[in-house]
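Shared chain: chain A. Partners: chain B in the first complex, chain C in the second.
And now, the complex of A and B:
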């Protein structure tokens, strides 16, 4: 196994082209445990953390640009980012432990393509886009379109994510992410629920709801989104959000949780995340005022 | 906090010096077995059965032997052929299969090569032809009529039965008239309890290095709870005499009972002998979980009766403990551990089963936590039904000195009542239960043991001292040995170096188990010090030309005729001229181990929509007799509590239908992490053990007994749901809350 640490995206692309059995990595917090557990070693490992764009965070002209290899601890420590996207910051801050977060990245979390990746539902409800480097130049895709199944992505061989783009949320918006693990940290989500919503006065103007760990990929919950839109988050709405979230699950029975448990808890977390997001949005200036 | 009835005052005992091994441990300098590397050393890897039960038709290692770097391969055929009645037969078969693989993960061959990667590759290339056999995976399957036999070499202990069977042991005992006891009862409660197998979870995986010389002798560096036992077990597995083996203890990174047996050393010795090179063998975490030490899974039915006045009239229980593939840890100690109450009528059945799962091993107060889960849950329900305080009900029925244990012998002097009162008077128990939370209490105890220990105390030329024992230090015992020597000799603790010596440098010493090290080895240290003091007095008399009868030992000095003082450095400086080096040795088989009782209280909040339990506050009181080093007593109380909490809430062996452990890693084998726990408040109760010079009771094990029922009782108080199966994990608890059924 060889190791290379390019400093430009072109150099990285060239290295990837030079060896069909190469693999990129950022924090290696998924990669190393997987190799230790017996997954075949690639012949060339390409470290993305030395490329400046991949670890840069900026906020210009209403758009956040976050390098795909940026350690998640840099995001949770970024007060401006965390107040713009409290739920996404929260999701990023749940990964592993302090030590893990000094390494773990969104790019790795998403491209590892675990159904339980904590940042994925929160990236998706915030309409994050990924800027992808490839042999034929750069392209942009919705974060929601990256993962296609457990361990599978839509990235072509030799492609990698350079950075994520996030537009400033409209006024009166906020988000929230909740997950259930049997412990308080160092565990993998049994269920994760992200909600992003925008208020117009007392009413929800629009909402996005996504669940993790309850299906092969993150699932959006259109039923819950429709129930929330136009509502005042009354009890009937919240019950409908729960029911739609439970219904949207297509989980497996495994050592981490039964199908029934995942369905039940997905409903609970979606409802609670919606309430938290709304509460946060209420403390923001509403659309009408801006 | 300490609640003490201790009449004596001490100068060093009861203080909290920094442990002698502390700096090396926190700076990473301490050497554990896997840290050792020898010149020319090979690395070994093990070939493990992928089947839960299979006949080994043949093993072909020719491909492996031809691979780069490979120096030796061993299989069951290389090991001593022990008779199944040999006391170490099950241990020996467990570390290397003979004829049949008895569980998924059972070792069938081992390879040594120049690098670890070469060894792993060669192990994967060993071709084993298996004929799968029907597997028995659970207690229910083992005891079912017509069940296949899990292990044909197993005969039932205490049954006199000569046929192979799935029962490892059957014990039955009791007293009084069980029927009359139930007739006298106004309230009878009966429940069935289940607990999953759990692991000791020591942080250091098993590891050793073995170096076999041309003289046919082997040196082993090992991490264990008892290096003399490593020597005798290795000798038994190899059919060698003990003088051919020297075991040097490495630092140990936790054992909790799981390192009282061995898995690796005989394999490493044979590989080293074949290759004529030192061989290092280190398990991965996955191997540790798959193939070492779980504590038994259980199925326990218990029935209790009491009068409306709160007098417990009778207890009847049948306890199944699954030993795993061969006889591992016995059911008997579980049944014995229910004797916290005056039980005029008692009937206990303790049954060990054999299944095609990893062989069980001792785990901190072995088998007592599972039994306490059953009995202490029923006591809590009794208190609830009677409308009395659960501590008052226990005080009413608590055993005191002279009351019968489960086996009938009288309890010696014990501090159960004092420990109950310590919790009853605690700030925790007297503060209101937080809004929406539930409070639970439970108790537990452990007998503790004495056994054989040796100690040597050497005084150096400058009056400093070395205390040499044969007890591996798994919980701060070196510091306690130094404190006891300091107290006897009147020498400052930092002038004493306590060490754990190898099997050729100190007298025989039994395993550090049964909470015995500070009690029994400590007693050997005290005896050696007392002998040394006699010698010091003699030397002082010689120096001062005085009559030894007129010499007293006061505060670290010989006082002659009440005035002239000679300190230890003054005496050791003259040692050469007064008879040579000053040293003393003591050995004993300690009697009079004092049982230690514990009472725990917890406040928990349960999220009734997700089944998550949060522990808001936890207090544990335990009788230490005398706390030699209070910090390490508190550490034992807290550590035991935390292990019990993990067992209660999340830990479990999950097997698939083929007997493959599905969660062989710390991600899915969920031990508690620091953020899962509140500070565990420890209250040390001191009711001195009259059989120890300083009143010591072992404290290592009892702490793990009460947590499971403490949390189950707290969860019942918070939710109204009685959990009778473990773990009480969020999915199971939610199912019980929403379905009304038990998880």
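And now, the complex of A and C:
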């Protein structure tokens, strides 16, 4: 393998064009273990971390721009970001140990395309968009449209994500992410559940619910979103959220959990995440800051 | 994997305060470069996949697994390994409290624990037990158990705070 560390996106694109067997990477926290486990080595490794846009975080005119290779530790340590997106910050902080946190990134977590990627459901409920570099220029796609299956993405050969865009959350809104693992740290999600919702007084104006690790890709739960909209998060609503979340699952049986267990847990986590998001939203100003 | 060519890349960085440069094949892990090119065998390989933390080093002050870095990525960075923790012949308080508290048995995980604990104390001079346990969650020990390690970090924090007053 050869290693290259371009400092501009154009240079990176040229490297990718020059070698069809090239592979971009940010933290390599998935890539290196996969190569050690027998994945064929690429002939050219393109390290994206020396490109300024890939590791820059900014907040201007109501939009956050987060470089796709930004270490997740830089996001959890960013008080303004974590206050705006507490659930997304928590999800990002769950990717591995402190050692991993200094290398893991949204771009890597998403493009590795594990069904259990912790940041993916939280990015999706926050309507994150990915700015993608490619031979014919830049394009923007919803984060929800990047992963198409385990290990599979919609990115064309030679494309890579430069940065993610997130609009400021609407007034009176917040998010939450919960995951179940058998221990308290350092494991892969059995189920992950992300909820983003906006309150209008005591009622939920709108909500987004997404589940991880229960299907080949992250699944949105329209039934739970419809149940939440207009509700006061009463018991009947929360029961409907749980039922819809369990129904939306298409999980596998594996050593981390059975199909039945994953369905059950998805319902519980979706309900709890909705309650946490609502509690957080209530402490946000309901008008006047957007 | 057969190597298709014998190209070697020159890497310049700072390791334990010294400017160094070494040559390596591009796919070399930083772990292997530190051990084989620079003789820093305090950096241990446990799992090789970033789970155990035995190869924990500081890169620009941040904990990293040396097994999860390609050596050329170290270009221009400042690296600290366990060999750089002591001041000459004087052990770092963490090294002393690990010794006095018998916070090791086989010792393979110890360098990684020492580096991760130093990173914690550099950022948080008075951590709670919970903070210590979370900060060391990326380091696995299969023989001592964790309690003695936690106590040693707590004692080192007390000593460091006493020395700074």
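As a convention for this text, the second predicted complex is superposed on the first by the 286 of 290 C-alpha atoms of A that agree within 3 Å, B and C clash if a C-alpha of one lies under 4 Å from a C-alpha of the other, contacts with A are read in each partner's own complex, and residues count from 1 in each chain.
Everything that follows uses one rule, which is that a residue touches a chain if its C-beta (ideal position, glycine included) is under 8 Å from a C-beta of that chain, and two chains touch if they have at least 3 such contacts.
Everything numeric in this text was worked out from a predicted model, so none of it was measured.
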item: Partner chain(s) touched by A:23 [first = chain B, second = chain C, both, neither]; value: neither
item: Contacts of A:265 with chain B and chain C, given as first, second, both or neither; value: first
item: Partner chain in contact with A:185 - chain B first, chain C second, else both or neither; value: both
item: First (chain B), second (chain C), both or neither touched by A:82; value: neither
item: Touching partner for A:153 - first (chain B), second (chain C), both, neither; value: neither
item: Chain B versus chain C, judged by how many residues of chain A each one touches; value: C
item: First (chain B), second (chain C), both or neither touched by A:256; value: first
item: Touched partner set for A:275, first chain B, second chain C, both or neither; value: neither
item: Chain B and chain C footprints on chain A, overlapping residues; value: 185-186
item: Complex contacts: residues of chain B adjacent to chain A; value: 609-612, 649-650, 654, 662-663, 667-668, 670, 672-673, 675-676, 729-731, 734-735, 738
item: Partner chain B, residues of chain A touching it in the complex; value: 180, 182-188, 190, 255-258, 260-261, 264-265, 268-269
item: Chain A-touching residues of chain C, taken from the complex the two chains share; value: 1, 4, 7, 9, 26-27, 29, 48-51, 53, 56, 59, 62-65, 67-70, 72-73, 75, 116, 119, 134-135, 137-139
item: Parts of chain A lying in touch with chain C, wherever the complex brings them together; value: 1-3, 5, 27-29, 32-33, 36, 41, 43, 45, 47, 49, 71, 73, 96-100, 102-103, 185-186
